[in-house]
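Sending over a structure as structure tokens; questions will come in a sec.
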Amino acid sequence: MRLQIQNVSHSYDQVEALRDIEFGIEPGEVVALIGPSGCGKSTLLSIIGGMLKPTSGAVVMCDQAKPEGCLNPLTYVFQDFALLPWRTVAGNISLVLEDHPLSKSERDERIAEVLAQTNLSDFANAYPKQLSGGMKQRVGIARALAVRPAVLLMDEPLSALDAQTRILLLDEFSDLFARTGMTAVYVTHNLNEAVRLAHKVVALRRRPGTIKEIHTIDVPINERREGMPELIAHEQALWNLIRDEAIAADKELENVA
Amino acid sequence: MRSRDLMSGAGKTARRSLLALAVGATVFGAGIANAAEKINIAALTFVSSSPLFIAKEKGYFDDEGLDAEITFFRSAQPVAVAIASGDADFGVTAFTGGFFNLAGKGALKVIGAQLHEDAAYDGSAILASNKAFDAGLTSVDKLGGHSFALSQVGSSFHYMMGNVAEKAGVDLASMELKPLQSVPNMIGALKSGQVDSMIIVPHIAKPLANAGAAHIIGWVKDYVPYQVGGLFTSARNVEERRDVVEKFVRAYQKGVADYRAGLLATDADGKLVKSDTTDEILEIVHKYVYADQPADKAYAKIRNGAMFITEEAKLDVQDVKAQVKWYQDRGYVSADANPDEFIDTSFIAPLGE
Amino acid sequence: MSHEGAKQMAQTPDTNSEPVRFRATGFNPKSNPVAAWGSFILVIALWQLGSSTGFISELAMPSPIAVAKALWQLIISGDLWLHLGASLQRLVGGWIMGTVAGLVVGFLVGMFTWARSPGVALVSALFPIPKIALLPLFIIWFGIGEPSKFATIAFGVFFPTVINTFGGVDNVQRNLIRMGQSFDLPMWSVIRKIILPGALPTILSGFRISSSIAIILLIAAEMIGAQYGIGALILAAGNLYQTDQLIAGVVVLSLMGLCVSWLLGRLDRWLLGWR
């Protein structure tokens, strides 16, 4: 499915968060949204998935091409996992399938399938509080995959995790994107994540959030490795792009932003 | 409500004690003898307390050298409690299971009579609701299986119904007793037909029947000799202040005599008539009872409510014993309550002797 | 400092050395079931001693033995079961009515803007009213039979349940609700699968309060027209100054409270096992 972001602007009360955002998300493409805090990247992701109404402009699904068995074309993966603590791992995945006309066996099949994909098969009956942060986010991924989404919308999925877990999950995401050719929008403030996962990096500027540059990385995702000179060069370029903005953001008082 | 009454009683006692202390000091200092003896009387603003009001207003207490103060209560039981606890010295109220239980614990002595059901005078009436009357509850012997409103379990209403039922051949166990806590609730329930029957004092029963809100199907006086209530004091007063009790009893009996002369006078046919003192007595009673209503209305109500009191306030000891036994048989009064111990006839001779 | 040197120091402590004192003492109460039961037994023993020696007069307070006898009398005469049966019926019926209504209103207030402000205003205004003051009205509305008794208890249970429920709904993490919506869960599913279980811990702790209120209101409910019932028994015993029966009735109420509390504890463990 191709998504077109058309002239999206958004204001919270008096504060203008986004202005005239316009770009497209091609099928099979991973788009990273980067920028300093307060540039509106999470706001933009909410607008893309229909969780926030933009002040003006629109996000358009340009065709109806969806994966087979797709139940929820635009599906989020959350920074804080958003798992129901009173449901088991399998129950949390089941939650998003129960309201669809699937037979019990179809549902169980899907659950088993996504658990296997995320190496969670042994934890099907565990409760979220028994899991580490990394495992919880794997459940979040499994839940998203269970509805066979057309576009995966990932909101800083690694920022609540510790550094080691982040490395592990980053590899897993990379595998996932390489293997499935999933279309995704990936919000992050970590440039390393962006250059590892994205085909296209949209760098935003703050106050108001506008597109500063769309940066393309043409190394196939499955060939990307940690420490590759090419990737380091891309990361450096991105850093140069947003450095001044980041410094300005850092100096600003939290509540003003 | 009840606790507030007790509280205010306690407060008054404290104040009174202080006052007594101050007076005592003055008396001691000045060396004056024969200061008036202070007594506190617990009463209800009912016609049944009238002899007390008459004795107070006509100076009978003063004549006996008693400085009487009347404290008012809202219901009968706190009167007994106030006397048991020493907050008041004398009281008159109806007999109830609760009263006998308190008396059985040794704190109270019954020394005389309050109201009495007498065949010659209107007493409490047995009422049927319009709904029940229309459905066939037209006489007392048909009460079986009907509901009956009372204030509380073990109240005088309960006893009256029990005894009427016994005499009329009605099985009390077949009746559904509805404790409604207060007389207004009972009236409301009967008027609206939520209960089938109740027993109530004449000055409430007659207006209800006259207004067509209920039917009188019988009178308690036709079924039982019944000592409705008594005059009582604390056991300590009987032991330690015998002279004061004697003085009080004399004054109370004078009040009873005036009450009888003013409100219970009858002609040769036994019909209630107005006597020379009727207006005087009504005027006195009206200061305390229905005081918020104009005289013409209040006087009629007082006359309606003026039930019989025995001469010299003689107590129907046999009937009181029968009442205690009735309550004891049903477990409402503890078996160790002994009427011989809490009735003291040394001040006023018992009825019929 | 060399490794050897460090060892040396450990072996020959300076005369000024002292172990670090443990400072994190107290502020950590632990439960002790023996002490809990012991305190009961001690109070009852002291009470009995006071009664036996005449220090506590029988008029002021019946002795524990007299209370036990009264209780035993109620049991063997079978009256206790009559009273208990009548009361439990009213308690359970009234509590369920009040709780169901309270949950519905609580959810509406918790979830919908149109219900929020009017609901909070009305509940805040009506909650503090002593329900016993409204008893005469209940009698006019519902008569002196069972409905007015159910209404008294239900009314008392309703308000704390509303307050607790909307508090619980407010406490459900917004991100979980957003998550449900992002997966296009129908509203009923969001309510049933996310909001209800999320609010459940608060609602269950509210049940403890509302069940206690129901037991407290039993006396008020059974003031009018109740021939049987623990509240009616206590009231009648009070009116008759049968203090031993009065305390026996209070003991039964207190046991009822303990049973309810135990049952709710079980319900807690069953429904909130995930915690």
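Here the chain labels run A, B and C in written order, and each chain numbers its own residues starting at 1.
Rule of thumb we're sticking to: contacts are C-beta pairs under 8 Å (C-beta built on N, C-alpha and C of every residue); 3 or more make two chains touch, one makes a residue touch a chain.
The model shown is predicted, which means the values in this text are computed figures rather than measured ones.
A.B. asks: What is the identifier of the chain with the smallest separation between its Cα mean and the overall Cα mean?
C.D. replies: Of all chains shown, the one whose C-alpha centroid lies nearest the global centroid is C.
A.B. asks: Centre-to-centre on C-alpha atoms, which chain is most distant from chain C?
C.D. replies: The chain lying farthest from chain C is A.
A.B. asks: Please work out which of A-C and B-C is bridged by more C-beta pairs in contact, and write that pair.
C.D. replies: B-C
A.B. asks: Could you please state the distance in Å, as a whole number, between where the Cα atoms of chain A are centred and where those of chain B are centred?
C.D. replies: Each chain reduced to its C-alpha mean, chain A and chain B end up 87 Å apart.
A.B. asks: How many angstrom lie between the CA centroids of chain A and chain C, rounded to a whole number?
C.D. replies: 46
A.B. asks: Just curious, how far off is chain C from chain B if you go by their C-alpha centres, in Å?
C.D. replies: Their C-alpha centroids are separated by 43 Å.
A.B. asks: Chain C touches which residues of chain A in the complex?
C.D. replies: 49, 51, 71-72, 74-76, 78, 80, 82, 84-87, 95-96, 98-99, 127, 129, 147
A.B. asks: Which residues of chain B touch chain C once you look at their complex with the stated criterion?
C.D. replies: 77, 84, 96-98, 101-102, 105, 107, 152-155, 176-181, 185, 188-189, 192, 194-195, 332-334
A.B. asks: Report the residues of chain C in contact with chain A in the complex, numbered from low to high.
C.D. replies: Touch residues, chain C against chain A: 173, 175-176, 178-186, 189, 193-194, 197-198, 200, 272, 274-275.
A.B. asks: Considering the complex alone, what residue numbers of chain C touch chain B?
C.D. replies: 58-59, 136, 139-140, 143-145, 223-227, 232, 235-236, 239-242
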